[in-house]
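Each of the two complexes below includes chain A, the first together with chain B, the second together with chain C.
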Partner chain A sequence: MKSKTALIFNVLLVIVFLFAFTLPAFAGKTYKLGMSLAITGPTSDAGNPYSKGAEDWFKFVNETDYLGDGDKIDCPIRDDQYKNDTTKRFFEEFLDDEILIFLSYATGANLALKRDFEEVKIPVIPASYHEGLIVDANYTFMPVATYSENAVGLAEYVVGKHQGEDTPKVAFFIHPSAFGRGPLEDTQKAIAEGLKIDIVEVVEHGTDLDNTAMLQRLVSKGVQYVICHTVQTPVATMLTDAQRLGVSAGSFGEKGKLTFLGAHYTGGSDLIALAGTATEGYIWADSYNLTSENNEKAKKQLELAERYGRDDKAANSHNYGAGILAAQIATEAIKETKAAGLKITRGNIYKTMQTLNFESFAAAGPVTYSPTERIGVDVMNIYVAQDGVFKKLQSFESQYIQKVRAGR
Partner chain B sequence: MSYFFQIVVSGIVVGSIYALAALGLVLVYKSSRVANFAHGQIIAAGAFITFFLTVRLGVPIFFSFLASMLITFFLAMSVERIFLRRLIGEPIISVIMVTIGLASIFDGLIYLTPFGSENFSFPDFLPTESIVVGGVSISWTQLVGVIITFVLIGAFSWFFKKSTVGISMRAVSDDQFGAMSVGISVPRVFGLAWATAGLSAAAAGCIIGNITGLNFETLHAFGIVVFPVVILGGLDSILGAVVAGIIMGLIQQFASGYLDGNFGLNGTGDVMPYIILLVILLFKPHGLFGIHEIERV
Partner chain C sequence: MSQNRWLATGNFFTSYKQEQRTFFTHLDRTIFTCFLVLLFGWPLVFEISNKYMLVLDNILIAIVAVMGLNLLLGFAGLISIGHAAFVGIGAYTVASFSQVIGDNHVFITHFWPVVIVCAGIMGAIFGAFVGLPALRLKHLYLAIATLSFQMIFEWFIQFMSFFNQGQTIYVGRVHWFTGMVGRSDHYLFWYYIILIFVVVLGFGVRNLLKTKYGRCLVAVRDNDRAADAMGMNPGLTKVYAFALAGFFAGVAGALHAYLYRGVGFESFTLHASVGYLAMAIVGGLGTLNGIFWGPVAIKFLDIQVEQFSEFVGHYLTYAPNVATALKPLSFGLVIVLFLMYEPRGIANWWRIVKSYTKLWPFRY
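Take a look at the complex of A and B:
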């Protein structure tokens, strides 16, 4: 009798063990992605909240069974400290892990790896919106409007709002790099296509403690608008100097004064944190929905941040939203591929991404890709800094950028 | 004409802040002949300590400023005591490599805090309106920055010329063995040099942070940005740092004001100081106030 009981017990034990080992199979599949960005080092003020946004979205996806069937996403996030060689190393390690999508970051690293992306045929979602990344490239899927689109769009906005019959005189304040120069070149092409602005001067900034000479020179040349494409710190110093010198326009396009406008990485809550009241009146083009809009989309972003214990600074950063959007694009690509009954491979995900179309709470408009269109969110919001936050003035789509692209 | 004077004022403001930021490098070099590549990180640390005390702990900014100078004084002294003292007598290049390593360690430590990757600014504690005299404007931030710079530089000059400790430091700088033979503690002098450099770095960090906002990358970059000032001034001369700082500031502003945007030129404000530096070094290889040591064999 004893031996019979022992036998039953042993059989049960074996069954339990077998069941335990087969559990992961029932738990669903795990899809591997890889993300490399600057969590520390230069530009980490953007990269850090960006990584948090992506991390939180993937956690959310896994915890809520967003993909269905218990499928999960495994996306290791590596800190490349804004070093191109480190990004390349991480990318190669990710390839060894057979990742499906690469979530990348800086302009330089993406340009350096552009050929590699094409060669290994891997879909890439960058945090850099440099137009050059999608020129002669098939596998880079830009989440939102490019920097060029921002700059050309702002120039068009200036033309539309400028009072008077004269051609608006504009100066460009740019980062001394390919990142900074790209949008300027595209704006010059837009001018050649008929955009009526006069670029009086291009300033490539350094580590300036005082912009007095530059600002006064611009005023003396009759410049009314300064379009910035760089990061927040130099813009903050310039705005503070302009406030001190009394050359900041009190209203849009005020004569004899300077109206400052800027692309994606020049603005946001970080600019206000750096420049305080000097930011008032700053016009900013961005394709993300800001939490200061206090709309349904903003609430969802704040809920996600709260769910994962993020502080107010991260929760309200548009870079946090940008991280969420990048992660959402990857997630939706997997989900759609699954829904189409296709095997989850790089090739099939690439096919799906070419027709991906969804609404994101982090973005200003819908994400829409097509076989010939590699920009997810085309619409930009024009924001103005008012009472310590950026408020939406209007939605905007650049017309001239289409002409510039058609001319390539 | 007011444009010209505005540029002069801006040049002096920028130059004096460069001088203050360069002071710490000069102080360390003066006593130990070492170029401290972690200086920028101490500048940033000083600014963030002041911000933390003021904003997070609610300490009035004036006291936060003094406290941060005191904290970086002891921080730099500890760094010297723990990492550098055991390198006394070792080749200078070894010590320099250690300072590069220290810079990485400080980077890592600051990246562990929100200060490493977030932007902040000091609360407004000075009037936001500018002072305008004859069409030339200067902000209170800049004015106070310049005053603090000159007060500190004056104090350091007095310290090196009149105080016993200061004279000891100069003696060590001149001849370590000679100084030891008359009973001066060289390790103690090294510690003090690092400590005073830390103190001046905190002051510079607060002033720069008040102008540019508090961004770690921007702040620690000033540890390198001011190297040309130190070289032009003559590496071990406080007066040299002041004069060179102001020369650099003026060249930068004049180039930006009169060359940039004209004659197809751009970015001369960044390049001209280096060109002038090279020209001056051609004629004065030891810098404007550097000591030309002659060794007789």
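Take a look at the complex of A and C:
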């Protein structure tokens, strides 16, 4: 009797063990991705909410079985502190872990690693929208319109809205680096292609806390529009100074005053927090849907943020949305590859990404890639700061950027 | 001198020649040889990931750069806050070749040892030039002069289109006797190359310090007027101290360019200069083994704090951005603590350990 009980006990034990060890086989597959960005250090005001957006989306995917069959995504998010050398180290670490897609961040790091991406044939989704990342590169998939597209688009918008027969006089206020200079060069190429604006002055800002002299000089030169391509802090300083000096335009293109416009990283809720009422009237080009739009897309973003306990600042940041979009692109690529019955490898994901097409609640338009098109969301929204929020004026697609690209 | 060259105790020098030995005892030589064999041999036994190999390569490059800085600051007593700019000169020498003749030109890919030496020479030329103010300036004023060089370097690189305005300039893959060094062997290959440079240059410094030129450096540091009175040329000594430091930095820069297969401005900023200074201080100024301890300690600290601030960054909101402050805070704290409590650096701990083992089993 005793031996019979022991036998049953042993059989049960074996079954339990077998079940326990085979359980992971039924739990679905785990796909490894890697993300490196500035959670701390320079530009972390953008990188931190970006990382939270991506993190929340991947959590959502895993919790809701978004990929089906219990498949999950494992995406370690590393803080490179905006340093190329550190990004390189993380990239090597991710390669050791055999990741399928690399979600990267800074312009400099992406340019430094461009050759590595080509060598290891890994699809890359950057947070930098520098045009140079997709020039002579096959594996970089830009989520949204490039900085150059923003700048040229804004110049086209100025031409379209400018009152009077004269050529609009424009100044560029840019970051003192290739990040700032790249879109300016492309705007100059657009001018060579026939875009009718006159670039009167290019200001490469430093860390000035007062822009009085610069603003007075621009006014005295007859400048009406200032197109900014930099980060939010210097723009906030300039807008505050312009308000103090009374040179901000009350309406678009007001004569004798300055109308300020800017690309992706110059605007958003953080700019309003920094510059307050001085932001009123600021025109901003961006390819993300803002929560201030209060539409269905915005609700989904806020729901996701609420689900994972994010504060209002992060939830309403367009950088949070940018992080979600990058993570969504990676997720959809895996999902589509799986749906096509292909094995999940870098090569197959790359093939899928070339025809990836889906709607995202974080973006202003659909994500559409093709074998010749490496930009996901081509459409830009033109926003204006009004009553403490950015409101959409219209959707816009740059025409001249195509000519600039064709001329390369 | 003791008859038994294996014993550390009871060794007394009876001639200058004996004092000039590289290794005072056979035991020293044997331990050093074993250590060297270990450094060259371990990658053949243990397989290590590229990530860690990159960290090791970086530490070795920092050792080359700090060798130069320690010669300048530790042995010659001349402060430089622009050492990263000298490293940058070396890296941008490689980048310049790359820009002019193409990054896959045979000169860059096959004759890379020549390119590295050229980069060192270029660093030495710039070092000598920047060292000219040292003829008139001392202490804080000299620090400001070298800081100016750092600023000028940064400005030039960021604004000259030839240097791609600071964005990455690519450097091709190098060739070895077995053909092109591919991605899988890249970091291991450079580990050995940089290690060879470290050993050769380390012996170079050791031997330099035994010559009259090395002694001149120390004499000028201690009292340049007295050194002058003794028949030395303090001006020339200061300039060649800068040239030597520039040479080491230039070599380190070229190695960095080849390791990363590209040159970008951000690796050679003022922040990097302060990092090299910290390595020299923490390691131990004016000591040979401090050259090795400093980079190892600072890079290790760097990675640990990086992981900690990353961990904190994930859980804090980005508004106060406390996590960002952790790295500079810990970095500054380490330097201050070392300056306050152990100004002779980790090298002094090594000295104490050595003294203890010398007398063991007797009490220290």
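Just so it is clear, the second predicted complex is superposed on the first by the 408 of 408 C-alpha atoms of A that agree within 3 Å, B and C clash if a C-alpha of one lies under 4 Å from a C-alpha of the other, contacts with A are read in each partner's own complex, and residues count from 1 in each chain.
In this section, contacts are C-beta pairs under 8 Å (C-beta built on N, C-alpha and C of every residue); 3 or more make two chains touch, one makes a residue touch a chain.
What you see is a predicted model; the values in this text were computed from it and never measured.
If you put the two complexes together on chain A, you find that chain B and chain C bump into each other. When the two structures are aligned on the shared chain, A:T237 is found in touch with chain B, with no touch to chain C. In the superposition on chain A, contact is made by A:G206 with chain B only, not with chain C. In the superposition on chain A, A:I39 makes contact with both chain B and chain C.
Contacts of A:N48 after superposition: both chain B and chain C are touched. Contact with chain B, but none with chain C, is seen for A:L274 once the two complexes are overlaid on the shared chain.
Of the two partner chains placed by the overlay, chain B and chain C both lie in contact with A:K313.
In the superposed model, A:A333 lies in contact with neither chain B nor chain C. By the touch criterion defined above, A:A178 lies against chain C but remains apart from chain B after alignment on the C-alpha atoms of chain A.
Of the stretches 39-47, 111-119 or 165-173 listed for chain B, only 111-119 runs into chain C once the two complexes are overlaid on chain A. Overlap of the chain B and chain C interfaces on chain A: residues 39-41, 44-45, 48, 176, 313.
Within the complex formed with chain B, the chain A residues making contact are 39-45, 47-48, 176, 201-204, 206-210, 212-214, 216-218, 220-221, 232-233, 236-237, 240, 243-246, 270, 273-277, 313.
Those residues of chain B that touch chain A in the complex are listed here as 3, 6-7, 10, 13-14, 17-18, 107-108, 111, 114, 116-121, 124, 128, 130, 137, 139, 142, 208, 211-215, 217-218, 221-222, 225, 253-254, 256-258, 260-261, 266-267, 269-270. Contacts from chain A toward chain C in the complex involve residues 39-41, 44-45, 48-49, 51, 55, 77-79, 81, 83-86, 88-90, 92-93, 95-96, 107-108, 111-112, 114-116, 119-120, 132, 176-178, 181, 311, 313-314. By the touch criterion given at the top, residues 49-51, 54-55, 58, 158, 164-168, 170, 183, 187, 260-262, 264, 266-267, 306, 309-310, 312-314, 317-319, 321, 323-324, 326-327 of chain C touch chain A in their complex.
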